[in-house]
Structures are given as C-alpha cells and as structure tokens.
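By written order: A, B, C, D and E. Residues from 1 in each chain.
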Amino acid sequence: MEQAPQSKPILELRGIGKQYRSKGRLGKGGGQTVVALSEVSLEFRAGEIFGLVGESGSGKTTCGRLIVGLEKADQGELLLEGRSYGTLKGESLRAYRRQVQIIFQDPYQSLNPQLSILDSVAEPLVTNRVGDNKARLEKVLATLKAVGLSPPEDYAFRFPHQLSGGQRQRVAIARAMILGPKVLVADEPTSMLDASYSAQIFDILLEVRQRLATTIILITHSLAAARYLCDRIAVIYRGRLMETGPADAVISDPRHPYTQALIDATPKFGDCGPIKRYGTLVSPERPASGSAGCAFFRRCGLAHLGRCARQAPELTPLTLGHLVACHYTQEAPAPETGQACRLGGMG
Amino acid sequence: MTALLGVMLLALSPPAAQAVEWDQNILKIGVLEEPKSLNLWLAGDAWSNHVLQLFYQQLYVNRPGDLKKVPWLATGDPQYDPQTLSYTVDLRPARWSDGSPFTAHDVVFTGQLIQKFKVPRFYSLWSFVKSIEAVGDHQVRFVLNRPDASFTARTLATPLVQKTQWEPIVKQCLATKKPLASLLRVSLDHPASSGPFVLKSWRRGVFLHLERNPHFFGQGLSLDGRPLGPHIEGIVFKVYGTSDAAILALRKGSIDFYWNNVQPGYLRDIAGDPAIQVFRNQKSALYFMGFNLRRPPFDDLALRRAVAMLVDKRFIVTRVLQNAGEVMSALVPAGNAFYHLDQVAPYDQELTRGQRVQKAYEILTEAGYTWKTRPMDHAGRVQTCSCLLRPDGSEVPPLTILTPPADYDPQRAMSGMMIQEWLGQVGIMAAARPMAFGAMLEKVKGHHDYDAFVLGYGNLSLDPAWVSAFFVSKNAGKSGWNMSGYHDPQFDALAEKAAKTLDPEQRRDLVLQMQRMVQRDVPFLPLYNPLLVEAARNDRFQGWVPMVGGIGNLWSLCQLRPSGAPAAEVR
Amino acid sequence: MALLEVENLSIGYRTKRGVLQAVDNVSFSVEAGRSLGLVGESGCGKTTIGMALMGLLPRNGRVTAGAMRLMGRDMLGLSREQWRGLRWKEIAMIFQAAMNALNPVQRVGQQIAEAILTHNPGLSRGEAHSQVEGLYQLVGLSLERLRDYPHQYSGGMKQRAVIAMALACNPKIIVADEPTTALDVIVQDQILQETKALQKEFNIGIIFISHDISIVAEVCHHIAIMYAGQMVETGTTDEVFREAKHPYTRALLGSFPALGGERRPLRPIPGEPPLLIGQLAGCRFCDRCPEHGHACKLDPPQWRRFSDTHFALCDHCD
Amino acid sequence: MSAEPQTASQATPRRRSPWRERFREDWLVFNHNPLGRAGLILLSVFGVMALLSFLPPLIDPMYHPMTGVDPQVLYSEGPSARHWLGTDFMGRDILSQLLAGTRVAFMVGVSAAFMSIVLGVSIGMVAGYAGGIIDTLLMRLAEIIMVLPTLLVVLMLSALFGKLNIWTIVLLIALFRWPGVSRVIRAQTLSLKSRPFIDAARVAGASHTRIVFRHIMPNVLPLAFLYMTFRVTAAIVIEAALAFLGFGDPSTVSWGMMLQWVWKTGHMFQAPYWLFPPGLCISLITLSFYLLGRAMDEVLDPRLREENGTV
Amino acid sequence: MARYVAGRLAQIVVILFMIVTILFVLFRLAPGDPVSRMVDPSLSPEEAANLIAQLGLDKPIGQQYLQYLQNFVKGNFGHSFHYGLPVGQVIMAKLPNTILLFTTAMVLSALAGIAWGKVAAWKKGLGTDTALTVAALVTHTLFLPWLALLVIWIFGYKLDWLPINGMISAEVWLDPMSGPVDKALDVAYHMVLPLATLFIMHFGSYLLVMRSSMLQTLREDYIITARAKGLTEREIRNHHAAPNAWLPVITSVGLSLAFSINGGALTETVFSWPGIGRELVMAVSQNDYPLAQASFLLIAMVVLFANLVVDLLYAFFDPRIRY
C-alpha cells in the first residue's frame, strides 16, 4: 500500500470536547453529564485514509458526526483547509458540507424508503442547486456506475427496499460522493454487511481515494479492517485518544495497554506469524477513579493506583507520528509469544 | 368470565317475590323526570309542580269544565270593597299535615314572604298588593294599590306555605348577604302539606312516596258536587327517564298512569289494550310564529299576511303533531273557552297548497311586490319563482326563522323547516335556524336581532293578562315582553282598560277585541295548540277527571278510587 | 457413534412466491466434546438448520427430506411432547442476547430456574434456585444479579446469562447461534474463551453458527461452509483454512482482512447470492465464481473428498 | 431470520413509474386481505347509496327526505311498494332519508377526518421535528384536549353556542380529534428524525423545510392516511350520537337524526322497519372504514404482510 | 416513584386549572349571557334582574372569575340552578352509580378482551380466531345508542326479560319486606342491559389490541427461547407471551378512556342510568351551567387520574419502567 503524500492537514480537530446530558426519567439518573469526547485533537491529511478505532460508546461515532456538522462541539474548533468552522450555520454550513460528507453504518436506515434511488442520490445536487434535471440525472447515473451499480439505469428508478444491503451501501457512497467532497467520513460502513459485501465496499473506498484523492475517515471497531484500509489510525476509548500513529506501527507495535487489549481480543484468523499476547486487562474491574484519572484505569492491568487514578496522561510522541497517552508506556511488559498459527483455537 | 356469567345469572333471576301487600291502594304514577326541587320558591318545572300542587294548596282553584274559580281553602267568593280597594277572604277551618290549624297568619306570611324576597314567578302577582292583614284566625284582608283583574284570577291562586315551618328559615335567609339566593337554596325534607297528600320518602332519581294526609280538609267533603277523598292510601311517583320505559311500565301495569304527553308513536301500541284508557285534553298553550316589526322585511303588514297565508297550520297539526293538536287561529286557546276568540282568520280556512300560494301571490302583488320570475304562471299554475322584490324594487333579503333546537322541541324545529319551504314558494329566501333556547331568547327579547321565530308557551295562565303584556307598547323595550315590537295606541288603550276591569264579561269583551287586532295585524301568527294525550290504566283505579291541562290534576287525585270500590263510599 | 447426525437434510419454507428451499441436502455430525462451526452469509440457511435441530421451525417451514439423529435416535418422527422433553435437556441453544432472548418482564434467575424446573419436575424451587446460583458462578456472574431483570444487564452479562441458561439442564449438545454478534471485541473474546472452557469441562458438543469466519476459527474443531442452502465445504478447521478447496470458501477467506501478516488485497465476491425459490440446477455459486466461470451451470456438482474429514462440493477444485 | 425471502429482486428491473409500481404492490396486498376487501365492497355500496340519494326527490317531491311527505300516508307505515322501507311519523320516505343520510355521513366523516388529520399531522410534525419548548407546549395542549370526551364537549358547545350547523359540528369534531393523530405522528416524526436518512439529508444540505416536506412527510403520510380512516368513523359516530341526543343540525337528514326521530316520537317499539336501517347503516359504515383501515395497516406494516402471505 | 407521582399530580392540577379557565371563558363567550340562559323565560324583567343580582351574575367578569376560582379551590362548585342544591352534592350522588356501571363494564370487557384476544392470537388463522376477530370487529363498530335501543327492543319489549331503565325499582325499595340481598339483586338486575351494552361495545377493541399485541409478542425471540427450553405451549402462552402482550392493552385502555366515556354517557342516557354522564347531558340541555361545568370537570378529572393510574399500573407490570 503506497504511503499517502505528506501534506498539510486538510481537516483538523483542535481540542474537541462534547458532553451529553443523559436523559433519565424524573428522579433517578436524569441530568447527569456523560462525556462523549474529551480534548480530541486530530489532523487529517489530504488523500489519506484515517482510521478511528474503538468499541461501541467510545465516542468515535460522535466524532464522525461532529466532523460533518451533525453535532456541535462544546469545546474546541474544527478547521477545514485552515479555515475555522466554529459555528456552522446556514450558507457556511452548506459550503462546508459540500466538502465533507458521510456514509452511515446502516444502509437499511440511511436511505429514505419513500424516495427512489435517483432522488436520494440527486439530493445533494438539488439542495446545492447544481445543474438542471437532465444534468443531474446524468451525473447520478455516472456516479452510480462509479460505485459499481451497473447498468445504473437499472438501479436509479428502484426503491431502497428492492436492493440488497451491499447495493444500498453503494448508493449511500454514491450520494456522498456526488458533490466530489474533499473529506468522506465512513461510519462503520460494513458492520451491517456480510463479509463478501464488506470487501466490495472496502474496495470502492480505496478506489475513491485513489481516483479522487479524497480524504477518508474510517470509523470502525475492527482493527483488522483499519489495518487493511488505513494509512494512519487513532484508538479512542471513552472519548479520549489512547494512541495514534501509522496503522502498521500501531497494530504491530501497540504501546497503549488498551490497544494491546484490543489486539489480544481480536480473532487472529489467517495470521500465521508468531502470536503475541499482552494480557493487559485486569479482571474484575476496579472501582471508578473519578473523572480526573486515566480513562482506562478501571480495566488496566498496568495501572499505578496512585498516578493513573488521579491524573489523565497526555498524548506523547514515541516515534515520529506515533503518539500514546499512557504514563507507563516504557514499562510495558514484553508480550508472551504464543503458538505459531492460531487456527482452531482448541488445538 | 365466570364472574360475568355469575352476575348475569344472578340478575336474570327475577327479584323477590311478587305478591306484596305494601302497594295495596297506592297509585303508581310514572313520570319522565323527578321533581327538581320540593322548594316551592325554586321549583318552576312541570315535574315539581305535579308533586307540589298536592302539598301547597290555594285559596281558590279552577274547577273542571268551565274553569271557573271555586273556593278551596277559602269559603265563598272574595268580598271586594271598591272604596278601600280591598278584598276580604274567609278561610275554611283546615289543618296542616302536622295537625296544626291552617290560619290567616299562614296566608299573610306567604304573601309577605313573596313581597319581601321578591320571589320570582310570584312577585309580579303580589307587587300591587299594598298590605295583607289577618282579621282573626280565619279571615284575611288584602289592600291593593290599584284595581287589577289578575288579583282574583291569579294572586289568590298562589300556593300557601306554613308559617311555623318557614318562619325560622326566612329569618336565617334574611340574615345572609343574598337572601333570595339563600331562600332558593333551601331544601325541605318534609314540606308541611295542607293538601290531600304528604311526602313520606323521596329517593332522588328513583321515586317519591306520598301518603294520604290524614288532616286534609277535603276528606269526606263534597265540593262543587265532587266527593273529595283522597280515596287512595298514597301515591308513588316513579321516575322513568325515557318515555319508552314509562310506556312499557304502563303496559305491564307497573304504573297506573303516565303523567306526561304520550307520543303519537306509542298510541298504536297501547290502543289495543283494554286496560289502558287514553285521554285527550286541551292545553292552555300557544305555539306561534313571531315577526320582528321593528325592521324590514316584516315591518310590512302585507308580507306578514302573505306569510300567514302560506303557512299551512293544518299540515303542521296533522303531520308534525300527528293530529295531537288543533289549529290555532287566535291567541287564546280553545280550551280556555271563556276568553277564546271563536273567529277563524282568513288564512286559516281549509285551502290547498296551490290556493295558498295563489292568495299570498295576490296579497303581495296588491301591495306592489314583484318577482323576477313570478310564482304563478299566467294560467294560474304554481311555478318555481325567484327573487321577491319589494315595491321599491329592492330584493327581499334572505331571512332566518329562529326555532328551538330539536332536543328541546322537535315539533317546533320541524315546523320551522316546513315554513322555510313554504316561504320559498313565493320567492322568500328563508332559512330555519334552530338555536339553543337561551341564545334564541337573548336574540329575540334582548337584542331584537331577528326576522322571525317560532316559539310556544305550554302552560299559559287561564287569565289572559298575557294577551296585553305581549303587545303593549310599554313592553317593547329591551328584554320586554313585547318581542315583536307591535305598537298600536288603540291596543294600548284596550290593554290598560282590561287590566283595570274587574267585571269578567266586560273584560272578556276587551280581550276578544285585542285578539282581533292581533289577527288583523299579525305580529304573532298563532300556529297550533297541542292536545295533551295521556294514558291511564283502569284496572286498579278509576275516576280520572279530565280538564284543560290533562287528567293529572288535583281533582283527579282527590277523587280517584280503587276499581270496584263503591263510588258512594265516603270515609 | 456420533452425538448428533444430520443426513441429507432439506428444509423448505412456503412463501407466496413458492417454496423457498432454505436448506438443501445438508449432512454433518457432531461428537461429544467437539465443536462444529456452520459458517455462511445471511440467508444461507445456517439459522434454519439451528432451528430445525431444536424442532423450532416456523409454521411455514418444514423438513422436506433427510434425517436428524440424536444419539442414534431419530428426531424427525418425534411427537410434540417428545420434542418438549428433548429440548434443553439433550439439546440446548445459546441465543444472540441482543435479540431479546430473555423475557423482559421476568427476573433472569427465574427464567433459568424455569428451564430447570420444567425438566426436573421433582425439584423444589429452592433446589432449582441453588442450581442457578451454581450456574451463575460458573459463567462469572455475580449472585446479586439473580433477581435483576434483563434490561439491568449489560450486553456481556446477558450473554453470560444466556450461556448459563443453556447449561442449566446439562445438555449434550448446544446450538450457539451468533452468540457474540452484538458484542464488543474484548467482551466477545472473553465469552468465546469461556465457552471453550465450559465445553471442555462438560464435554458438550457445540454447533456454532456464525457469519464471521474469524470467530469460528477461534472456537471450532470442524467447520462447515454453507452457501445458498447448501454445504459447500467441510473439514477440520485446519484443513479448511489452510487448504480451502471450494472457490466460495476461498473467496470468503479472501474477503476478510487479517490483523497480522502481510497486507494482502481483499478479493471481494462479485454479485449476489441466488434466490432459493424454484428449480436450481447446477452449481449455485457459479454465477459469482471467480475461478471456474460459468462452466458448472448445468450439472449439479459432486462432493469431492480430500481427506477423511475434508470434503468440498465442487467439480473443478483439486 | 433466514425465513425471509431475499429482498434483492432478481427480476430484471423495469423502468416504469416507481409510484405506480408501489401502488400496484400495495393494492395486491390489500386485495389479498378478505376483510379489507369486504370493507371496500361495503364502502362502495355506501358510495352508490350516496350517489343515489340525489335521485328520489327527482322522481317525486314526496320523496324529498326532509320536506317531502306522502299525501296519502298520515302515520308511520311499514314497507310498501311506494315506500320500500316505509315512512316516518309524518309520511316521509325512510329510504330517501337513509340515502340522504349516507351522503351526510360521508360528508361529515371525510371532511372532519380530513381536517383533524391535517391539523394532527402538521402539529405532530412540527412538535416532533422542532422539539424543545414548542414540542412541550403543543403536547400539553394535546393532552388537555385528549382527556376531554369529544361527544360531551361538542354537546356542551353546541348547546352553549346554539349554532348547530352541520359544518360547525364537523369543525368542532375536527378541533377535538387531532391530538391522537398528532401524538402518533409526533412519535413517528421523532423516530424518523433519529433515522440516519434524515442525517444524510442534512449532510446533503437539505433545509428544515425540505427535510420536513421531502423526507418526513412522505413517511408519515401513509400513517396519517391510516388514521384518517379511523377518524372518519369517529367523526361519523360523534355526529350521529349528537344528532341522536337531539343536538344535531335539524335541517340535515342524518342517520343519527333518524334514530332520534324514531326514539323521540315513540316509534321504537312499533316501527322496527324504521329503527333498524339507520343504526345498521351507521354501524356498517363504521365497520367498513375500520376494515379498510386495518387492511391498510397491513399494507403499511411489512411484518403483518409477511405473516399473511405465509398462511 | 413518589416524586414522579407528585410531578404528575402537579401536572394534573395545571391541566385542571386550564380546563376550568377554558370552561369559564366558554360559558361567558357563548351568545346570550349566562343570565338569560339560566333565568326562567317566564319571569318579568324586574324579577329576572333581582334574581340575577342575587346570584352574583351581575358582577364584572374578572371578579366573577376570581370568585369562581376561589370557590373552585375550596371545592365549592356553586349551586345547581335547577336543583337548588350544592353541585357537589348532586354530583356525588350520581358518581358512585357511574363508577359502578362504567368500571364494571370496563373491567369485564378488558378481562374478556384480553382473555379472548390471547386465545385468538394463539389460534391465529383457525376458526376460533376468525370467529372471535370478526365478532370483535363487528361489535365494536356498532353504533352504541342503536345497540342500546336494540337491546331494549329485544330484551325489554319483545322478550320482556329485563328492566330497561334506572338502577333500582321503587317496588323493591319501598317494600318493607325486602332486605339488602333483594336490593342488591335489584341493582344487579337493572344493571344487566346497560352493562351488556357497554360490554359488547368495548370487549372487541381490547380483543383486537390484545390479539395484535400478542401476535407481535409471539414473534419475539424470548418466545423461541421459552419454546426451546421445552416449556409447554400453555406455559409459553400464559407466562411468557401474555404478560408481555397485555402491557399495550393497559395503555390502550388509558388512551381510549375519554372516548369510552362518551359511550358511557350515551348508555346512561338511553337506559336512564342515574349517572354523571346522563346528568351532564341533562344539565346541558337545561342550561344548568354550574352543574354542567362541574360534571364536565369531574369527568376530565377522572380521565386524568385514570391515566395516571394506568401509567403506574404499567410501571408496576413492566419492570423496564421505573419512575
């Protein structure tokens, strides 16, 4: 996989924070603040595929929604090509969204069941007043063809329920790409699809990047997918960045105990190299440390009861572009090496 | 499920044994609604009056037949002294239901109570009485401010209450901020009765149980040739709520008499039953159409006459009333024979529809009205016409006929609909508009903002003081009784004279003259007088006394006796 | 003798458009203490097999041919009552917890006790309850949770409860239908490890149904790959992963990204699986087959044997 | 579950109007539902009756439902050749009244339902989409109106205001029957609002107006349409009950009015030929709209559709 | 829980206050001021004016409103124009009757609806289901007053089995021989027809709701779990499907309550059942507006409280909901 050209960041997040007020019923549980994102700073370079990896509830989806302006950040700012889009509203929001688009997780939900494929895909053109009807139709057909729905005439006049999941997700990509955005957020684009379809979607994303030099921000829970697609990745846990760096570096040499735990847990199918097991999880979980400490404190097997409970670690560079937020990165134990090939675990 | 079945089974088994003795000789009367109140001063509804008239007696009552006033609690006619403008009445030695004597002080007390509290519905009859005094225990003297014919006819027919029962109540009421309101809110558990019956128990919404008043003066007495009783032990008023239930009860014998008008539909049902007797009696009622004489288009006599010509009263009586009524030509109903004007107005002859249109057409043409298309073609056939034009060439605007709503009186609402159609036949665009009663009165009486209306009075006093009240000029103001705004000096003079005339014959003559004027000028168009159709069983009790207002009356209930009992038996 | 034998099983659903042949001629067997992974994409018939094994096919579904034997005993001829006695006691199921496998208005502990009581009518409530406590300890759930309702559990805890429930009557065979699909990787890993441990401990045969080949690889001894209602390849895990024979298996393996090793390009499978209504002659995969094209459209492919345990349903593989 | 047939249609795609296609599909489902078909047939019978209602007065003025009377009939009489269903108390033809009543029922039902649906849908959509204080206020208002029994409210208002015009009644019914609809529409809007395709539309640059009209409305309209059938029945029943209690518009011959006449004029024991038809008509028209609604429900809910397909 | 109930009660108070205000405004807005509507038309103007002053209706509207609110808070709804009695007394005399009839009818029809709906869903597609569903569809779309008239016509007139009006008969209550059992039986006897009418009208909707809710529940995974566990069909139906299925029925009872009250009022009117609904209809036609207002308010209050009870019941039966 060729390395993406090093260039100025096209999109930048600076100290983004976001809290939700939890909606409880009257009385219990209401009104508590839940931190979705805390002090997240990231740079996305033009033409790269950037992976945002984390478990459900880690804030990765919130991050994606913030990037396309579906949510407003409570703190921090968002820069597109150096220009700050602090308060996205009206025309500026529209202009911004011409550059930044998104594909959602569930292709069964992200297309309006009452609109034909043509109408759905053409919508960005209509709202941005691009071209006349005829030009739009042509553009839609061309885009459908580009995402592998061919012949496009067969698909344009159907309704979403007449398509399979994979086909729908392609339609969603077509809709996102039709305005030729600079940045595309792909929020778990394959988690609802069967493996054979997800490979198709991955391929389309790669092709899009190749052809249009679009920056793709891939939000995923799968390290394997991230490794396959991404140039760089960031691991996020409970709204905080744990580790970020080149995909290969992070996955083959994870330095954060959480990343290590993730890699431990991921099934290592087809991986016939030596298997390392880090064993960084602690069981049972510790009691919470309060809001001040490290986010991973409760589950971290390496944590110092003193320091980690009280102070959240900063992201610190280890090598060029590989940053880790842990107090004890240097003290990480060497992984134990397992059997040669993890196939049929029960051996 | 089993619970439901259980309830149903339980319920299906008929309640307790039928052979019961308690209702021997007790008359069971079905009523639609229960009395609203047994407080005489509040109760204005028919259902309360059914009961109260058996408790609170009057000095004079109308007798069946000629409806003449005969002494009841009084003895002999009132003695008039023109010098002092005073009446003297002698009282019968009667007793209240608690055994205490009925005296002149009760009469004085009742009169003064009405005057002090200005009790609605009674005060207007007592406002011209200057003083009331008891001359001994059994004589009362009334001194008037001015001679007024309604004194003997109506004031002396005021129901009288017991002083000992009401005096403490009155004291309490007077002490409050709003004495009248307090008086109206009094509720008596056991009203003292000077009448044939006295209240035993009242279960609201279900029944009233009255028993014979042992102290009633009439027992064993024969008054006006009628042997008074009561000859029955008591009365149970049973509240039915719907007439279908009441009729069914009558058929089954659960009640002996249904004290309400029987709707025509039921008549066929009960007609075949030999145990049920149907009585038809006249009412003292007036159902009429009123016009607004204050503004066009009905300020024009010709138009009113044309409308009168178009309205087919016979149709209304036979169809809408199902023959349970009579065509009314003059104001005072035929039942009130003494004051009834027996002269058929020109528009009340038997005419066909075509003739009516023809005549109305003639009246209008004569008065200078024209049409875009005339209602009659040249051959004299009725045709669809359009657009009635006044003599000045302007169109008669669409007008509305206000009627009471169907739930209140379907017959009047229906009549309004028919009249609307008939007016259309000469090009008058009319629309019947049913309206809640209060709202309608507000428009008609309060604001005089209407064209025409259909109204009725179901229970007019037999004394025709109202004939003048409806049309004298001084009543034409806001909320006054002269709703149509009729103004005629000649009529005013007649009315004034009639009020002061005490001689019945002379007074009658004046009243007839006034009625003739109304017939001529048509401020009101009398429509019909419904007949009261009542049904009673004859297997348990007999001796109903028919009179105006139906067989449910004081006389009936005093004279009724069990079937088979010898008529001469006097207790 | 194998614990469970399935021979030439075919299952059809009646639909408005005709009979949907969801499972066609599938055979496999499971032995005590061993696990078989049924892998395939959605609609391939794997869940239908699971349901048929429990005798829980929906009303419109019917076994049209073949046989199922539990310890040599024919299951298809069982009466409703016999099925009832068989279920859970002999063959239990682990459901995907996120799909509301637990009754929301009953306490979790009670739901497990209910299973025990149904099959051991002689037991008192207290005894059943103490058995449930034992199960909770076994799957690592805290005993305070016994009286909670399902909605008070996290996803991982629900899954553990479902596993506890499956173990309640010491079944010989457990059908695990996508047991970890909705879980996060770390929890998934824990559950899988525990399942393996329990299987070993109780010597249970497991049929593990999943669409995710990587998970099956973690857990199972044997693997059967299903496609469009048919089994297309079967063998030990090793055999299937190392020397996949059927083009579909190979394509499937090729479409999963791996975490380690070299980054190799994925090989997506083009097209869509066929609709299973009506006559399907020839190889069902041939329209999408990247290796042998349309050559096998007409004749139904034959099973080819590669070892005692390794077979593939393809005429052209070697 | 794999029991579902694959949604991916293998048939060659057609380039026909997608809407017609969908309509055809829905119609097929609808047509497969025997109860829905029964409802439709009943409804068409009523439709024909409503059309026929113009006929009798043209044949003879005595067949005018309100003002026409048979000169030869003085009392309510049973069925005869002249009057197939008999006459009412003043000699009017019951059949003509019944036909005229059909027209009124349709008029009242459809217009009141339409109005309350328009109100309910707009309020529900606004409340659901806008959220916040607007939502709270509108829903509180809906709640207040919801606890009021419509019939009694309309009864009280019509007694108070005395304007018993049929259109006023229609308006009142509409004004008091929207909250149920708006609650449902609001819930639907809320769930739609959180669906990714709305987010997708926002990202595509759609304005709020566009989202509401282009994306939310088409998705709530089928539901609104479904509720309309139920509201039609509610409106017809309320108007009939009002007329039955004597608070209707006496210049309109409605079925409720006919029942009131038969009840209030004392014919209910003697004239079953007059008592049965109007009540039967009210009940049947209610039933037919209800069946229609249920069948539509099935068209709208694919799960119900599936279930029916397999049996 | 207590906080939730308190919150809901506060909400109810606010809603009641608004309804009270709306009622007041409506009664004053109506054409023809309240005076002319309540005062006997046969009174002379002088008498009427006196009466109006006595009843305090001549004061400015604002003052009347304040007075009205004050009285309302004190629980004083004024005196009925018609009965001359305190409105509270009139209503309280009728309320138990309504509760007796209406609650019995609702509970019975809900129980029957739930039980039969359960059976219908369980036997989906079979004869039992078809019969029950069609019966439910037909009965619950009947026009209630007509049904009531039919019931009267058949059981009261043609067959002459049962009383068709009122709640008790004078004969039994006046008879010194009849004891409490006779009286109770008498009430039950009178209740059969109105109860049957309401029951026939209402069980259908509960049946249909229960049926569809049950069908939905039967598709849930925990039913498969239960079946897989080897439970008997009966156990699955009664312990797993039904307890989940009838939760929506509770909600539907609450939501349809206001509408059912219409039917209650109609039934009371046709059968002359001395209840609050009939009282309201009569008060309305007699322009007895203190009584009409108060009855209406009471009905609204009952609906509001019933909804609260329904919500609490729901929370009681559904462990997922805790306030």
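Methods note: a residue touches a chain if its C-beta (ideal position, glycine included) is under 8 Å from a C-beta of that chain, and two chains touch if they have at least 3 such contacts.
Just so it is clear, the structure is predicted and the values come from calculations on it, not from any experiment.
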item: Fewest touching-chain hops separating chain C from chain E; value: 1
item: Among all chain pairs, the one with the most C-beta contacts; value: B-E
item: Chain centre separation (chain A, chain E; CA means) in Å; value: 56
item: Distance between the centres, which are taken as Cα means, of chain C and chain B, whole angstrom; value: 90
item: Centroid spacing, where centroids are CA-atom means, of chain B and chain E in whole angstrom; value: 38
item: Distance from chain D to chain A - Cα centre to Cα centre, in angstrom; value: 50
item: Of all residues in chain D, the ones touching two or more other chains; value: 6, 8, 159-162, 245-246, 263, 268-269, 311
item: Residues of chain E engaged with two or more neighbouring chains; value: 30-32, 152, 157, 285, 287
item: Where chain C touches two or more other chains at once, by residue number; value: 42, 272
item: Sites on chain E touched by chain B in the complex; value: 30-33, 36-48, 50-51, 54-56, 79, 82-86, 93-94, 108, 111-112, 115, 152, 156-157, 160-162, 164-178, 182, 185-186, 188-189, 191-192, 195-196, 199, 270, 272, 274, 278, 285, 287
item: Residues of chain D that touch chain B when the two form their complex; value: 66-67, 69, 74-76, 89-91, 158-164, 245-251, 257, 260-271
item: Contact footprint of chain D on chain B as seen in their complex; value: 243-244, 247-248, 262-269, 318-320, 322-323, 403, 405-408, 410, 413-414, 416-418, 421, 431-432, 434-436, 438-440
item: Contact set on chain C toward chain A in their complex; value: 35, 41-42, 184-186, 188-190, 192, 196, 200, 211-215, 217-221, 236-238, 241-242, 251-261, 263, 266-270, 272
item: Touching residues on chain D, where the partner in the complex is chain E; value: 35, 140, 143-144, 146-153, 155-157, 159-162, 180, 233-234, 237-238, 240-241, 244-246, 256, 259, 263, 268-269, 272, 275, 278-280, 282-283, 286-287, 290-291, 294, 303, 307, 311
